[in-house]
Amino acid sequence: MEIWITAIIYGLATSGILFLVSLALSIGYGLMRVVNMEAMLYYSFGAYVTYTIISVTGSFILGALGGMVVGAGLGLIVETQLLRKIYDRPMMFTMVVTFGVFMIGIGIIQFVWGLEPKPVASPISAIVKIFGGVQIPAYRLLIIVVAIAAYILIQLMMNRTIIGKALRAGIDNRENVEGLGVNINKIFTITFIVASAFAGLGGALNAPLVMVGPYMGFDMLLFAFITVILGGLGSIKGTMVAALILGQVINVGGTLWAPLAFVGPFIVMFFTILIRPTGLFGKEI
Amino acid sequence: MSGVDMSQNALIEVDDLYVNYGKLAVLFDISLKINQSEVVFLVGRNGAGKTTLFRTIAGFLHPKEGEIKLKGESINGMGAYRIARKGVKYIHQDKQVFGDLSVKENLELSSYATGDYNWEPVFAMFPKLKILIDRKAGKLSGGEKQMLLMGMAIIGKPDLVMMDEPTEGLAPHVIQDLAVSFKEISKTTTLFIVEQNLPIIADIADRVYCMKEGKIIVEEGCREDIQNLCFEQYL
Amino acid sequence: MSTSLIETQGVSKIFGAFTAVDKVDFGIAENDAVGIIGPNGAGKTTFINILTGNLIPEEGKVLYRGEDITTIKIEKRIAMGILRTFQLVHIFDNITVYENLALSFYRKDENRTVPFNMYLVNFLKRKKIREKVEEALSVFELEKKKDDIVGNLSLGNQKMLEIAMAWIADPDILILDEPFAGISDHEIDDILIILKKLHHKKTIIIVEHKLSKLTELVDTLCVMHEGKVIASGPCEETLNDPEVRKSYWKIEE
Amino acid sequence: MNKRILSILGPVIIIVLMIIFRYIFPNKITFLTEVVIFSIYVMGNNVLMGYLGYTSFGQPFYLSTGAYSAAIYFAYFGGNIFMAMLVAVIVGFLLSLVLAPGLMRLKSSYFTLINAALCAIGVFVFERLLIDITNGNDGLWFRGNMTATPFLDVRYPKNFFFFVLLILLIALYLYQKMDKSALGISMKATKANPEKMTFIGYNVFLIRSIGYSISIMMSALAGALYAINFGFVNPSLGENTRAIEVLLATLIGGVGSVFGPFFGALGFLGMKDIVSSFMSRWEFVVGIITIVVLFKFNRGIWGLIQDGAGLLQSRKKREKTVKVEE
């Protein structure tokens, strides 16, 4: 019994990371109809910056903040300098270009931090006992809390702020929003920055759980893809639901039969796509 | 066609405009002028290029040749949102409100863009909107949507409001109400309207342009002539 | 209307709460030419989509040579000889004019939906195909453009090619969706001259806005408004119909 | 006329060029062999990308499927090199039969992403799931099991080079036939406008499936040749990170052309050879080349060659080819 509760809670933590890192992919598609392969750079850079700041200052909080800032900064540069200019090009073109950007980013990481994977120590080593004796590392619970906070934050942003309203209107009909006098490009940029900051945060939070290496973005890219495909490209709610499902598939499935931790998500995605070619919450492209 | 005279109070001037959709040439050699506080109508059969002309003036399409001036300043190639902020509002055909947002949120968006949060003039003109304020805009009737769109357009006191077929598909009594609103708005704002409803045109038009197959074929500026003129030959 | 080549009996197509085509009865005799006019949103394109099988109507029947084809798929209807062109040109802009035509003719000639048997033979040089394509090129006056990549042609030529592609497959019914949209008067006249050559040799249905040009070509007009056919008959008569004047031109009398 | 001569003599010129290279740079024979094998791989990808308009981030999966099929045959069943190639192609064909019904219905973006996922699954399968058969990360070694072939013993690198050249010649010849056949033209037409294809009465799904099948079989063949060349196979052949290589080579060569893939392979591997001589990791360079090629050089090397041929002929024709680009 305990083993299952542990798996479920670990699954929620995985979901949290998946949700944070997939947001930039999902939003990039929802706003600009661009499958932005480079989205995982914000994640990798977030993790690396966290590693560097921790090794200099020793503070994980500073590190995570730094990861967010760097993620956001990269998002700003990529969105304004690249994505905005290519969003009306064919899908193939944008995918290969953004993949090229991703490769350049990996190259930069290799120049700056080298090829060796870097370990990051967990900032909280405490173990929390819940449900009468199930031992869960407090750090996993922290990730869950942060992810929930991020989801609430982004929902508040979408529903309560004028930017979110303009954004929802803009996804609905970009031209009419512009016609009112709203600079929709600016709104999109702000949203994209928020999403890339979350990806940076995802990298920071995941750093203590995995080795920080040049190819960590690649490994995550696949899972992020599966998350957004399963949830439906462009839907925030879908991304969240898909992250929840996949977190459980990876951890509970992995407990059942170890290879499921890796293959499970793919299987779930394939069957979903066969039944609903646009994912759970996606709209027709 | 008569040339465009260069009087001082021209709000919008369009000179020798050519517009293409990709390879498709849609507008040919369009010249027109709208003066301050006029009510100008644009008529023509479907596919004549009226909507394209509107979209070009509003900045959604960029001309291949020719020039558009707003108060003497060229707005060629300017982004649509900047033109809107300069005081040119464009209400699309098909009454496209943001269906996902409430009436209030729709109005907020317009206020956000213009910085004008005074909704009193809107509610004075369309009291019904005040009642419907929390309704999702997608659930409004056609007439109510048009009211909302006009309300959103007059926030920020624009110089020019362009409306594309505002009365299309509406019941006759709703059209009558809207016609009253047109007159009301025209007291403070210049109007440029695409319309197929001839009685409304006869009632309030200062000037009428007729388009056919991408060209302006007739300009009629005399009130009496407008009332008596039978436009059917151009439709 | 038993002599009709294709006819519809009370077909309706409903999109959600919107009735795009409302109980339309329509018929066209063999080798006739009919023009369908009506304002935007009148349901013209939806109606021809029902004829060609893109859409299956909610009610009513489509009869072709007296046979019910209401639910028959697009591919089968093409094999039966119902071909169409599109409002926005639908051609293959990455290959040459010759290849476009050859591809269309090959389908008709071999009656195969997958051209796999020809894998290793340069089918473009086969005598039968070459002769037929040359003929089409001369009928549609595209000889000089033969080896040009289609994407580089003018829009008028592209429209011409699209009609040629339909013609070369020798259909029994040719459905043209706004063939004159977006091209110059001069190019329209060129297309008209060619279409007139086909007059009374092919059954033609044309959807068009440009009335003045249309009346030169067709004998019968059919006016649609809000999903209904409100008038049909010889051109002059139809255009002076009070109902048409009211709803198509918004003229109250 | 120039174009026509080029396309008739093309395969021959390429082969002669390669043989000349082989004697000018005798110590580069491994490199030249790799160029030839990679060309076949790129040709496979070009069918997807240039003819069908699908971008796949999963080509390494098909490559490693072919390689492992050949390797498993060598390790456990027999030593005949032709048999190994045949097995790889058949496995590729069967794989395409299984996958085509699902993949060929997808929109282009989903196709790309699902292929990337397939690629990851492939690595997992070969590295962990079949570890008892494939030896996982250690790789499967089988050089000793290969038996000699008659006439030309291809177990020796210098003979193998001529052997793969022969295969490339055949492949190029068939490829060129395909390009001008009804199938090739209908694939290009499907890329341009699938809806119209339906409306002149073709079965778009089947045309796409055939193209997909050809692509996979060519990738699998290239995989088998890699396996024979190296004498062992390991999972790194199928890694996702390498998906960009084949895409980039296709782009560099010129998408959708018959001879583009060869020049793409040559250009790409040549660049890789030069760069890696002074830089151990070269993702950065690959990324920059990708972007430069896409934005500034989108007709590829073959496009340049065509322009050059056009220049010789007349100015007018050159203007035409430039126009295509727009």
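Letters are used for the chains, namely A, B, C and D, taken in the order the chains are written, and counting of residues starts over at 1 for each.
Quick note on the criterion: contacts are C-beta pairs under 8 Å (C-beta built on N, C-alpha and C of every residue); 3 or more make two chains touch, one makes a residue touch a chain.
Since we're looking at a predicted model, the values are computed, not measured.
Enquirer: Of the pairs C-D and A-B, which shows more C-beta pairs in contact?
Expert: Per the contact counts, C-D leads.
Enquirer: For chain C, which other chain has the most distant CA centre?
Expert: Most distant chain from chain C: A.
Enquirer: Whole-Å distance, chain C centre to chain D centre, using C-alpha means?
Expert: Computed value for the inter-centroid distance: 42 Å.
Enquirer: If you average the Cα atoms of chain B and of chain D to get two centres, how far apart are those centres in Å?
Expert: Distance between chain centres, rounded to whole Å: 56 Å.
Enquirer: List the centre-to-centre spacing of chain A and chain B in whole Å, with centres computed as mean CA coordinates.
Expert: Each chain's C-alpha centroid was found; their separation is 43 Å.
Enquirer: What whole-number Å value describes the gap between the mean CA coordinates of chain A and chain D?
Expert: The answer is 33 Å.
Enquirer: Taking each residue of chain A in turn, which ones touch at least two of the other chains?
Expert: Within chain A, no residue contacts more than one other chain.
Enquirer: For chain C, write out the residues touching at least two other chains, lowest number first.
Expert: In chain C, nothing touches at least two other chains.
Enquirer: Mind pulling the residue numbers of chain D that touch at least two other chains?
Expert: Correct list: empty.
Enquirer: Sort out which chains touch which and give me every pair.
Expert: Pairs flagged as touching, ordered by label: A-B, A-D, B-C, C-D.
Enquirer: Provide the residue numbers of chain B that touch chain A in the complex, in ascending order.
Expert: The touching residues are 58, 60, 79-81, 84-85, 89-90, 92, 96, 98-101, 105-106, 108-110, 112-114, 152, 156.
Enquirer: With touch defined as at the start, can you tell me which chain A residues reach chain B in the complex?
Expert: 162, 165-166, 168-169, 172-173, 175-184
Enquirer: Quick one: which bits of chain D touch chain A in the complex? Just the residue numbers, please.
Expert: Contacts found on chain D: 49, 53, 55, 57, 102, 105-110, 112-114, 116-117, 120-121, 124, 128-129, 240-241, 244, 247, 251, 281-291, 294-295.
Enquirer: Quick check: in the complex, which residue numbers of chain A touch chain D?
Expert: Answer in residue numbers: 35, 91-93, 95-97, 99-108, 110-111, 115, 214-215, 218, 221-222, 225-226, 229, 233, 259, 262-263, 266, 269-270, 273-274, 277, 285.
Enquirer: Where on chain B is chain C touching in the complex?
Expert: Against chain C, chain B makes touches at 21, 23-26, 45-47, 196-199, 213, 232, 235.
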